[in-house]
Structure formats: structure tokens, C-alpha cells
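In the part that follows, the structures are each spelled out as C-alpha cells.
Same chain, two partners: chain A is paired with chain B first, then with chain C.
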Partner chain A sequence: MKNYDKLVTDLAPRKFGKRGVTWTIFLVIIIIIGLIAYIDQVIKGQVVTNMRDYALWGIYISNFVFFVATSFVGSVTVAVLRLTNNTWRTPLVRIAEIISLAAISMAGLTIMIDMGRPDRLLNLFIHGRLQSPITWDVIIVPTYIALSFLLLYFPLLPDLAILKDHFKKTKPKLSKWYGKLALNWKGTIEQKAIQGKSIKIIAIMIIPVGILLQTIDAWLFSTTYRVGWDSTNMGAYFISGAFVAGVGALITVVYIIRRVRRLENYITDYHFDKMGKFLVLACLTYLYFNINEYLLPIFTAPVQEDIHLNALVSGEYAPIFWFAQIVGLFLPILILLFKKGRKPLPMFIVGLMVVVGSWWKRYIIVTPTLLHPFLPIEGVPESWHHYFPSIHEWLITAATLAMSLLIITLMVRFLPVIPIQRTADEQELLETNTNTES
Partner chain B sequence: MENNNKNSRRKFLDKGLKLGLVTVIGGIGLTKFASKLAAKPFTNSDDSMELMTTDGTIIQVDSSEVMEMDLPKNKDADYNIREGIPNRKFVMVIDLAKCKNALKCVSACNKHHYITGDNAWLKVHKMQESRDTAAYWMPRTCMHCDQPACVTVCPVDATFKRRDGLVLIDNERCIGCRFCMAACPYSTRVFNWSEPDYAANEILMDMSSEHHSSPEFGGRPSIKGTVDKCDFCPHAINKGELPHCVTACPNGVFYFGDKYEDTVTNGEVTLRLSKLLEDKAGYRLLEELGTAPSVYYLPPTNRLVDFKKGLDNYKQFESVEKPAKP
Partner chain C sequence: MLVMFISNIGLQHLYAQDSEKNTVRIKATYVKIMNKEIYFDIRVTSKIGNDNINVPSIELTVYNEFEESEIELGTVTTNMKGEGKFVIKDFNSIKPDSTATFNVLISFKGNDNYKKASKSLSFKDAVIEAKVITEDSINYIMATLKDTSKDSLITEASLTVQVVRLFKPLFIGEEFNVTDENGTIFVPIEEGIPGVDGNLTIEVVLNDSEEYGTVKDVVIAPVGVLIVDESTFDQRKMWSPRNKTPIFLLIFPNAIILGMWSLIIYLSFNLFKISKSKN
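Right, the complex of A and B next:
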């Protein structure tokens, strides 16, 4: 019982320290600046961006793809590890679910920022046509948001009930909220049966939906005639890329939360070792599809594609391309193959590298293709021949990233980041086991 | 006992479901079969007619099969804007042998569509496939494809294909996602990144009488955050006129016409489309993509004017002339 109390106090949400408050204010400021930039964009039109008729999509779209990719962590870690009965997932799943929900929500918002006429958003429903990949996105993104939310919420129920009791005396108001959100959870056998079944259904559902989400995201590109997009490899390539981005983000966030909340006893080196192996699996899969995407065309690439590939490998985009490949893929594989590389701190650095590399990788997928059309770029100002985001685009994109981090921060503030009930159950199981053995 | 109960219920449900499925499939099959049985064979009235086909051969047809065609009363004026003018199929032929980059087509297009941006709808490209092949001037309009990639990907049906061949844009519906621009392999489409600056371009005055909000009047006015492109000038076609690029060209490069009538004209001569394409070995741009354009090109052979003459007019970074700043 004493253990249990300690567990609850350890894992229950805690007030922000000084660092927490500063961090939150910092994020809010970035969001406000981005909001101002966006309002300016709505008033003046997208002329404030550096997108033009040739580079007609920019970092709004690549950022959208990045968010979608990151949200894949929910289906991969939570659902797949659950169905394969990998018990090491316990202290990590909640964080994965939070990242997933934050990322996919922001993906939905980011795609609207790219719209020239956000005031006509409802046309997507009034005049929607099923043949357009955008309509597929309109269907799949809310579905994934809903499923991610449920996958976060259902396992939370017992914990919310615990928190309600925990804060009863100290913070009655907060306790009341937890009580309402716990939906009258009492931990009876019936409730547990319903909960278990619901979670199982969602965990099974979210895998195909997650794969569909990534694939549709890839089809946004591969349903066009464009050089570099018109590839049958795209779906699998995006799924494996999402696997990498998602697990990378998970490791980074887990490390920070572990340090800030001092959860070293719950998230141990063992967990990092496991996550490292998981990430290296992801990276190797992604490497395979990268070889398919960039190495194989060397043999049969038509002239247009050759120009495109050369621009990536040795031309205008070579610095970003190689940064994304080396920092986001090759180096992580190398580091993670060593046991020392899978300790928490090196893993944190690898996670950061992977996330930053993944972001720029999306940029390299979107931009260069648009600047390699079939007919020559002529009759437009010289600046239209190149693309680099404008200040407006950077501010707005930074705001979307900050907003996703704020969602994560607030959830960490108010929710138990490690499932309390589950951890307690597992510890109890361990103790009874050792008792019988000795 | 309870277990048993559950089992029998499951069995019942299982069987019920299967039975239901069989019934549905059987029902569909039966109705199909019945409709086949009920269909009447053609009643031969023993009364045949002699008719002439479009290529001039006389054929005999049973008179019961002859039906009167309902022609629209007012063929050219009374039609649905999204359906297009009935029984027409507009095509264009661009004779590259005649083009010397005079750019009159571009300025006429810009003027009549009130283009104020930096990217014209109609452009003349300087083309040279490889170092050893000939350079030539290639005007590029919208191809008005019969398999338009832009229409397929539009999520809201803002850009649409008409039966008369035109691909138009409803600027009141477009949400500005620019997917159509990404899909178009000819880079034809132009986005209104900001509110069009008519005042600075001194075309505000004569435009006020030209304000339409119909897909048939592209660019009048252009709407911020939506996509524009070459529209084959339906506003001119309706009046029985040729598109502005056709009439503006001093060299007779552009032919416009109707594929069903098999005729095209550049304003001076009217030619049979099929014969023209056969004689001059006409082709379509990026045929291998399968977009089936409505614009045909005639190869740049036997040119009257040297390619280099066109270089005087060539501007790599400008397609819309701006008024000189005071």
C-alpha cells in the first residue's frame, strides 16, 4: 500500500516549475506571433509567402506531411506493441498517444493554412468529390483524430479515477474535473471488460487507419504526373518514413519528460535500449525504400527525372538532401547499432537528429519536384525559379510546431504521463511472482 | 446451460446472416433474370428506309429504329454553363512553322483577360529538346485535355470539363488548394496570390462594364486565392468570334475550330482538320501521358522566318507587360 501511494504521488500530474512556466509562455508567444502572421496572410493573400505559380506548395505542405508522419507513432508503438504483447511499452504508450493526437490535430490545421480561400472550407463538404485525393484526406484525418483521441482516453479512465481520489483534499476543483472525465469509473469487472474490449477494437482499427493515412498522404503526390512524385514506391516509402519520424519524436519527448519529471525509476535504460532497437528497425526499413526511391532510378531515369535527381544529389538541393539523409538516417543507424548508442542521452540526440532530419526530408520531397516541370520555366520573374520560405511562412510554421508542443506540454501537465493503474498492476504482479518463487 | 444457450444463439445469428445474404443475392439475380425475360425483341415493321451516313454511303434502316433527334431550339445560346454548347467539340491547332515569337497573342490574351499578375495564361516558350535538334518557338495555351488531370484531382468540382471540350474554372467555388496546378503537366495554371491590382494597371475603368462572375469570363475579374487559366475564350465563341490569340496573331499560327465539323480556321483560311493534321503530321504535347489534349501542334518544318529573328522579342523573365512606372 505504501508503494502504491508513492507510485501515485510520483506519477500524478504536478504543477509547473519555473522552467515549465517559462517554456509555456515561450510557446504561447510564438503562437501569437504566428497567428498575427497568419491574419496578415489572410488579409493580403498568399503573396506574403514565397510560393508562386511554379513552387506552388511550400513548407506548409511539407510541414503538414511531417505532422501526419509523426502522428503515426500512435498506431505503431501503442497498437502494434499492444497486439504483439510487448510489455516494455507500458511507461511509453501514454506519451506516444499524446504526441500522436497533438501531431494529427496540427496536421489538420496546417493543411487549412495552405488554402487560398479558407473561408470556403465548407465547399469541401458541400461540393466534395470522392475522386480527389484531398477528399480522401478530409475523410481520413478526422477519423484518425477521433481514433487517436479514444486510444488516449479509454486507457486513461482508471487513472482519472485515481487522480480524483488523490486530489480530493488538496485540490477539490481539479478533483471534480478528473471525476467528471473518469465517467464514473469504479474498476468493477464489467467496466474493466468493456474498457479492455474497447481498447482492443480501437487498437486493431487504428493500424489500418494509420497505414491508410500515411498512404493517402503519399497519394496526394503520386497521383500527379510530376517527376519525383509519380512513383509507385511512394505509399510504402511514406509509411516507413512515418515510422522513423514518429519513433524519433517519441524518444525525444520521452527523454525530456523523464528528466523534467524525474521518472528515472519508471523509464529506465532498458526502455531506451528497446526504443533504440525499435528505431533502428524503422530506419533500416526506411533506408530500403530510400534506395528504391533515389538509387534505382539511376539506371532508367528519363531526362527529366535525371535532371531532378541531379539537383538533389549534387545540385541546388544537395546540402538539404544530404543533411536529411545523413543526419536523419545514416548516422542514427550507425549510432543505434552500438549498445552505448542506446543509452538515454545519446538516444535523445539521435531522436532530435531524426526529427529534424525528417522535417527537412519532407521539404526535399515537396519543393524540388515542383521546380522541375515538364515545360521550361519561362516568362516569370527570376525569383520564381527558386523557393525558400518567407518570414511569414517561417513564423506560421513555427507557430504550428509550437502549438503541437503546447498541446503535449499541457497534457503532460494535467494527465499522468505514465499509466498509473497499469504500472501498479504490473508491479503487483512482479511482487506476487517473487513471493511465490522465494 | 448458459454456455449452451449462448452457443445456440450464435448459431442462430450465424445462420440467419447467411440466409439473409443468400436471399439478397438471389433476389438481385431473379430481378435481373426477370428483366431479361420481360424485354421485348425488336418488332420488325417490315418497313425500311434509305438513309445517307455522314461519309456519304447509303444504308437501309428499319423504320422502327429511326427516331427524331431533338435539337436544341437555340443551338448556341441556350445551354448549361457546366455542360457546354451542345454538339460542339472545340479544338485548336498551333502551326509551329509559322510562329516567330511576335508575342501579339500574349499581349492580346493579357489585355482581354485583364491579367495583372506576373504569369501570363498564354506564353511562348523557347524550345530546344537537345543541343543537336532545332530550336523553335512554341505558344502554349491550356490544352483543354479530354482526360484532364486537373479536373480529376479538384476536391470541389471547381474546375470542370464540358462536353464541348472546354476545361473551365468556377472561381466562386475554388478553395485555392492548388492541387490542380500540381497535377497539370503543362504548368498552365496561374494562381491569384493577391488581390489583382487593376488600378495600378490602368484597366479599372473599362473593366467595370465587363464584370461577370461566370466561369465563361475568366479573369473578369480575377479573384484572390483562386486559380485562373486559359479558357479558350467562351465569351468570344458565344458571339461567333474566334479566341483573342487567334485573331491577334499576325502570322496565322493559331487555328481554332470544331472537331465534329472537322474544320479549323485562323481567320483567313479555313481548313479540314483531319487533312491538316495528316498532311503536316500534327501531334499533341506530352501525348505519352494520356491526357488527350484538344490542342494539336504542327511541327516547325519549312519555316519562313529564321528562329533567331524571334530572339529580339524574347524575355526570359516577363510575360505580362507592366505599365511604365512614372
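Right, the complex of A and C next:
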């Protein structure tokens, strides 16, 4: 019982310290600045961005693709590891679920930002054609948001009930909220049966839905006849890329939470080692698809594709391209192949490299292709042949990234980041096994 | 704004000519399309600096010169390309001189920017009678050119035979189809020329003749290959509007959507069941 109390005390959400409050204020300030920039964009129109006839998709769509990719972490770590009975997942799944929900929610918001006129969102439903991958995207994103929410919520129910009791005396108001959110959870056989069955359905369902989400995201590009996008490889390429971005984000967030919340006893070097192996597998798969994506066109490329490839490999976009490939892919593989590279701190650095590399990777998937159309656009100024985001675009994008981090921060503040009930059950099982063996 | 900017440049250009007016040049062609219309095709240009520019929005008066008098036929204003089309509604209202030649004067009285100018045009009336005939299973276009004033056949005149196409006419026969002693040409129509409903619109043209102007006769003949309309308009295709979505795209995505959201609703209902579950 003493162990259980310690466990609850360790894992129950805690008030932020000075650093936590400063971090939250910092995020809120970025969001407010981004909001002002967005209001200005709505008033003046998208002329405040640097998107023109050539680069009609810019940083917003790159950011959208990044969010969609990151949200894949919910499918891969939670669902796949759950269905394959990998027990080391326990302290990591909740964080993965939180990242997944935050990322996919922001993906939905980012696409509205890109629309220029948010009130026209309704037109996508009124005039949407089922032949268009954009319509599929409009359908799959809310579906994934709903599933990600349910994947987070169902396993939370027992923990919310525990927190209700835990804060009953010290914070009655908060306890009341936990009670409401716990949906009268008593841990009865019936409740457990419904919960177990529901989680199983979600775990099975979220894998194809996650794959659909990434594939539709890829098809937004590959169904458009453009240099660099017109590829049958794109669906699998995006899935493997999402695998990398998602696990990279998970490692980064897990490291920070572990340090801030002092959870070293729960999230150990063993977990980092496992996540490291998971990430290196993802990176190797993604490397394979990258070779397919860039090497084959070198042999078969027509003139336009050749211009595009040259712009990436040795031209205007070479610094970003090689940064994404080397920092975001080659170096992480090299580091993670060694056991020392899979320790928490190197893993955190690798996670950061992967996330930043993933973001820029989306930038070079979207922008250079648009600047190299098969048919040139007549009568446009020379400056429109190039694209670099405007200050409005940077501020709004930074705000969406800050918003996703704020969602994660607030969930970490108010929810148990490691499943309490499940950890307790596993420890109890471990102790029982130990006693039986002795 | 761009339009305003450009038009402003143009106006400055013209205003700069206040001290010295520009000369205009009038070009005119007499065109007769058999059984359809007769008109003067007019184009007005002016050389300003090194450029020949089209002169828009100026009024031209058309006169019939007859026995040293000028009978006004009407006016025409040039469009933005400096072009004007003066249609002769009643050909009998124009009077020829003693040699059966019609004399027309197209006059511009001048304005603040341009000097006055005029153009004289003389022509005789001619007709082309064209028809399609078939000999030994070969289709020919037969056309006869006549001078109506003398009611005589015009020999050794070069006629063009062409099939009307969307962008540019398709010439058939020889480069020069010269009329014989009967004022007639015979031009075989090649097989396999496609036409809407199998019809070919064939034109026989006397082009910009010094004596007769341009005279054209149009024959529509069912001697072409039927064009089979391959348009996918109104079919269920990937590029059709939403009410023409392919059936498979209506079935599978909607089935998937229905399946996914049924499960999400079921899962949400499970949350409700958990909240109502008794101890």
C-alpha cells in the first residue's frame, strides 16, 4: 500500500515550478503574436504572405505535413506496441497519445490558416468532390482527431478516478473535475470489460486510419502531375517519414518530461534504449525510401526533373536538403547504432535533430517542386520564381508550433503522463512473480 | 491599377502630340460573302516615332462617289485594335460609274491628335457560284467566277479552296486554282477530312483582287468523315463535378467513412455505458 501511495504521489500531476510557468508564458506570448499576425492576414488577405502564382503552397502546408507526420506517433508507438504486447511501452504511451492529439489538432488548424478565408471551410463540405484527395483529407483529419482523443481518454479513466481520490482533501475543486472526467469509474468488471474492448478496437482501428491519413497526405502531392511529386512511392515514403518524425518527437518530449518531473525511476535507460532501436529502424526504412525517391530519377529524369534535382542537390535548396538528410537522417542512424548513443542525453539530441530535420524535410518536399512546374507561368515578376516565407508566415507558423507545445504542456500539467493504474498493476504482477519464484 | 498605369502612359503619349498632329493611314478592303454579307474591312494606323500604332475610337465616314458627288453611306468607329467593319446593308444603294466600277471614299475628318485622311476604293461586282459534284466516286468542288456587270465569265483568275477549321483554314487542291475558259475550277476533295456531323464547310475565295476585291462563297457539304464526340462531359469520371462522381468512389470511401464513424459513435456510446455502469 505504501508503494502504491508513493506511485500515485510520483505520477500525479504537479503544480508548475518557476521554469514551468516561464515556459507557459513564453508559449502564450508567441501564440498572441501569431494571432495578431493571423488577424492581419485575414484583414489584408494572403498578400501578406510570400505565396504567389508559383509557390501557391508555402510554409503553412509544410507545417501541416509536419504535424500530420508527427501525429503518426499515436498509431505506431501506442497501437502497434500494444497489439504486439511490448510491455516496455507503458511509461511512454500516454506521452505519445498526448503528442498525437496535439499534433493532429494543430494540423487541422494549420490547413484553415492556409485557406486565407476561414469562413470558406464550409465550402469544402458543400462543394467537395469525392474525387479530390483534398476532400479525403478533410474527412480523415477529423476522424483521426476523434480517434486520437478516444485513444487518450479510454486508458485515462482509471487514472482520473485515482486522481479524484488523491486530490480529494488537498484540492477538492480539481478533484471534482477529475471525478467528472472519470465518468463514474469504479473499476468494476463490467467497466473494465467495456474499457478493454474499446481500447482494443481503437488500437486496431487507429493503425489503418493512421496509414490512411499519411497516405492521403502523400496523395495530395502525388495525384498532382508535378516534378518530384508524381511518384508511386509517395504513400510509403510519407508513412516511413511520419514514423521518424513521430518517434523523434516522442523521444524529445519524453526526455524533457522525465527530467522536469524527475521520473528517472519510471522512464529508465532501458526505455531509451528501446526507443533508440525503434527510431533507428524507422530512420533506416526512411533512408531506403529516400534513396528510391532521389536516386532513381537521377537515371531516368527528364529535363524538368533534372532541374529540380539539381536545385535540391547542388542548387538553391542544397543547404536545406543536405541539412535534412545529414542532420535529420544519416547522423541519427550513426549515433543510434551504438549503445552509448541510445542513452537519454544523446537520444534527446538525436530526437531534436530528427524533429528539426523532419520539419525542413517537409519544406523541401513542398516548395522546390512548386517552383519548377512543367509549364512556366507567363507574365509574372522574377521574384515570384523564388519563395521564402514572409514575417507573417513565420509568426503564424511559430504560433501553431507553440500552440501544439502548449497543449502538450497543459496536458502534462493536469494529466498523469505515465499511466498510474497500469504501472501499479504491472508492479504488483512483478512483485507477485518475484514472491512466487522465491 | 496596372490597367490605369498603362492607359495613363498611352494618354501621355497622345497628349504629347498636341503641338504636332499625327498622320493616319487608312487601309480598306471590299469583301463580298455570297448570300451573306458585303462589307468594307477597314484598319487605321498611325506612325508615331518608330512605331506603327493602331488608332482606336475614331469615326470614319463612308461615301459613294458618283458623278462628282459624294453620297454618304454611313459611319463606322474603329475598335481598340484600330479596326472597323462597315456593312453595306443594301448593295443596290451604291451606284457604279459608266465602267460599272463602284467608287467609295472612306474619310476621317481629323481630331485633336490626328490629321484628316481619306482612302479611295474602287471595285467591280463579281460572284462565285460554288457547288460539290461527284464523279467516279470522287467529290469535287466546282466553282465559277463571273463579272456581274458584263455578265461574263472571269478567266485565269486564281481562286483559293479551303476547309474551315477552328484556328486556320485547311487548304485543298493546288496552291493556285486558275479558272479555265469557262471561268471554272474543279478541285478534288480529299477523303478523310473530319467534319462535325460529317459536314465540311468549304470556302472558295478570290483573294484581295485589284479589280473585284475579296469574294467568297461558302458551301456546306456532307463529304467529310463524321467526328465521333469523345467528350467525357456528363460521364462519371475523376475530373467530373461532384454530382458525376464515379460509382466506385461513391461506394468505397463512403463505406469506409460510414464504418469508421460507426465505430467512433459506438466507442463514444461505450463511454456513456461506462458512466452509467452500476457497481
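As a convention for this text, the second predicted complex is superposed on the first by the 435 of 438 C-alpha atoms of A that agree within 3 Å, B and C clash if a C-alpha of one lies under 4 Å from a C-alpha of the other, contacts with A are read in each partner's own complex, and residues count from 1 in each chain.
Keep this in mind: a residue touches a chain if its C-beta (ideal position, glycine included) is under 8 Å from a C-beta of that chain, and two chains touch if they have at least 3 such contacts.
Quick caveat, the model's predicted, so the values are computed rather than measured.
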Exercise for review: Check whether A:Leu183 is in contact with chain B, with chain C, with both or with neither, and answer first, second, both or neither.
Suggested key: second
Check your understanding: So, does A:Ala282 touch the first partner chain B, the second partner chain C, both, or neither?
Key -> neither
Review point. First (chain B), second (chain C), both or neither: which does A:Arg129 touch?
Key: both
Point to revise | Partner chain in contact with A:Tyr153 - chain B first, chain C second, else both or neither | key: second
Review point. After lining up the shared chain so the two structures overlap, which partner does A:Ala245 touch, if you call chain B first and chain C second: first, second, both or neither?
Key: neither
Exercise for review: Go through the superposed model and pick first if A:Trp57 touches only chain B, second if only chain C, both, or neither.
Suggested key: first
Practice item. Check the residue A:Val354 against both partner chains and state whether it touches chain B (first), chain C (second), both, or neither. Key: neither
**Study point:** Residue contacts with chain A in the superposition, chain B compared against chain C
**Key:** B
Point to revise | Touching both chain C and chain B, counted on chain A across the two superposed complexes | key: 127-129, 131
Revision key, fill the gap. Interface with chain C, chain A side, in the complex: residues 127-131, 136, 139, 143, 146-147, 150, 153-154, 157, 183-186, 188, 190-191, 194-195, 197-198, 201-202, 205, 209, 212
Check your understanding: Given the complex with chain A, which residues does chain B contribute to the contact?
Key -> 118-120, 123-127, 140, 149, 152-158, 173-179, 181-183, 185-187, 189-195, 224-226, 286, 289, 291, 315-319
Check your understanding: Can you list the chain A residues touching chain B in their complex?
Key -> 44-47, 49, 51-54, 56-57, 114-117, 120-121, 123-124, 126-129, 131-135, 138, 220, 223-226, 370, 373-382, 384
Practice item. Provide the residue numbers of chain C that touch chain A in the complex, in ascending order. Key: 238-242, 245-246, 249-250, 253-254, 256-257, 260-261, 263-264, 266-268, 270-271, 273-279
